[in-house]
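Read from first to last, the chains carry the letters A, B, C, D, E and F; within each, the first residue is number 1.
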């Protein structure tokens, strides 16, 4: 079973990449692949329950997040990036069981995957 | 007197360079991912005296932040238009 | 007042078209004249062949509606040729122009707001 | 070896299509099988209606030539619909696919090179 | 006579913005407008005579630069950005009579224009 | 062992974050505007021990730099393919 990490780093309200990375990740279940998502830099804004791009008329994140829960895709979030953007752990949807990793763990974490695709 | 509209996130250098362009009497408006400057204390160090700073409320809230988390006062789109009306010189 | 908004990046991928639509509507409500200049990849926002998902906004349609409300929409012609956009596949309203019209807008309009790439 | 290159940003505006074309050609010279997966705005690179200036390269034509040399070019279908791209306006060779084919390429190919947005 | 400043900040080989900003600037001569160009950040790479995007197959800068000389459009370049990217003054085409401005002068410089458009 | 391909300029944070992802035995390849890391001494401080670094010659030269100005050795497109052949794990 190959493990594939999708990394998102751009803001979820200013750009489509969070939705596109999640959509790509879910596609992996059609093969013998095990996807996971890492939110870093501005993309951590996506994990805040209060974030609503649809209030700008943009595409909502809710459809992607519904599938995230349904599939139980593992979610990882970079601690320092959350802190810098003032997002607290209680702002994150508990159903995701997101794992918070530190900057120090980042390099060994990304190396635990067979493929790493950055969006 | 100029209105400087900043749409880029603090992760991109150019956004800081645009903050530094402001002089006394100018107004800075943070929009889009530029609103992330408004929740980052280090922004204050970049802003000169007598520069007014505003944040587009819609873009701030869409990113999960309430007005009281912002270091600077908010305006809505109508307020943005008022800033445009007031400033013939726009840097954006 | 005549307010011009210049756009440079592709619709959907980034937020600029949405920002411009909201800003144009706010300006119209206040009685201003609004023009939009579509430069570089932003010309894709008036492509009539765009088919967004049902749950998503239809940006080309929103642009046509803005045009119906009196917003003048300019398409940079050379930018359009580079992106397969012609009169065959643009929504009704926007007109093909170019850098001379950009100059004329900068010269004649009261305000020029650029949303940088 | 089967090498896949995924692209995400628009042609001409950024360098990625040029990078991918050079990289694909180098891989072909070494006898590798090459596939290109066009995602997001990179789908514009196979638009047959693109008319670059004479002094500039014709990227859609270069893509068709790559395809003739045996490079498999995949277009993300949903991305294409969002950008007005359909079988009516694509060069010969590339085929419409989607995220399932992306998964299949990731699973089956030997190498997967993404040029991030 | 309104003065219009076009600012470019992105790399001329990785993106089209230098060519597009110059093309826009030249259009200003059709009206009673006085354009100027400021190169800053990665865009300063464009002023190095040794820069050749056409070697990558990309659109050359030479056509834009020919018009720059013909029209005598004023060119400004940010000193610190040149230095950071190891570009020497002798690497710059002398025919442009480019003026080098410092970071400290930047804010008053941009305010000497009626319109400032950043590409 | 992984090949990390970095295409973004030092002006964007993510490029530094990708340099930091490298561990012993990894190879970093700078391409596109990423080559600007190769003329910036501060890059060396970010690179860990036993990480190999290469620069795509074509992208370096197109931006006006000769090979001898680069802090790291160059490869051409053929060399890039060789790095791809050698590294099953690619981070990009």
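The rule we apply is simple: a residue touches a chain if its C-beta (ideal position, glycine included) is under 8 Å from a C-beta of that chain, and two chains touch if they have at least 3 such contacts.
These numbers were taken from a predicted model, which means no experiment stands behind them.
Engineer: Spell out the chains that contact chain C while also contacting chain F.
Structural biologist: Common contact partners of chain C and chain F, which must touch each of the two, are A, B, D, E.
Engineer: Could you state the distance in Å from the CA-based centre of chain B to that of chain E?
Structural biologist: Each chain's C-alpha centroid was found; their separation is 26 Å.
Engineer: Calculate how many whole Å lie between the centre of chain A and the centre of chain C, each centre taken as the average of the chain's C-alpha atoms.
Structural biologist: Taking the mean C-alpha position of each chain, the two centres sit 32 Å apart.
Engineer: Suppose each chain is reduced to the average of its Cα coordinates; what separation in Å results between chain C and chain D?
Structural biologist: Roughly 28 Å separates the two chain centres.
Engineer: For chain D, jot down the residues that touch at least 2 other chains.
Structural biologist: 12-13, 15, 19, 22, 40, 53, 112, 114, 116, in rising order.
Engineer: On chain A, where are the residues touching two or more other chains?
Structural biologist: Touching at least two other chains: 13-16, 41, 56, 58, 115, 117-118.
Engineer: Hunt down the residues of chain B that sit against at least two other chains at once, touch-wise.
Structural biologist: Residues 11, 13-14, 32, 58-59, 88, 90, 92.
Engineer: Which chains are in touch, pair by pair?
Structural biologist: A-B, A-C, A-D, A-F, B-C, B-E, B-F, C-D, C-E, D-E, D-F, E-F
Engineer: State the interface residues of chain A toward chain D in the complex, per the touch definition above.
Structural biologist: 2, 4, 10, 15-17, 20, 23-24, 26-33, 115, 117-119
Engineer: List the residues on chain B that touch chain E in their complex, please.
Structural biologist: 2, 13-14, 17-18, 20-23, 88-92
Engineer: Quick check: in the complex, which residue numbers of chain F touch chain E?
Structural biologist: So the residues of chain F in touch with chain E come to 9, 11, 32-33, 36, 39-40, 58-59, 61-66, 69.
Engineer: If we count contacts the way the header does, which residues on chain A are in touch with chain F in the complex?
Structural biologist: 9, 40-41, 103, 106-108, 110-111, 113-118
Engineer: Over in the complex, which chain C residues touch chain E? Could you list them?
Structural biologist: Touch residues, chain C against chain E: 6, 8, 39-40, 98-100, 102-104, 106-107, 112, 114, 116-117.
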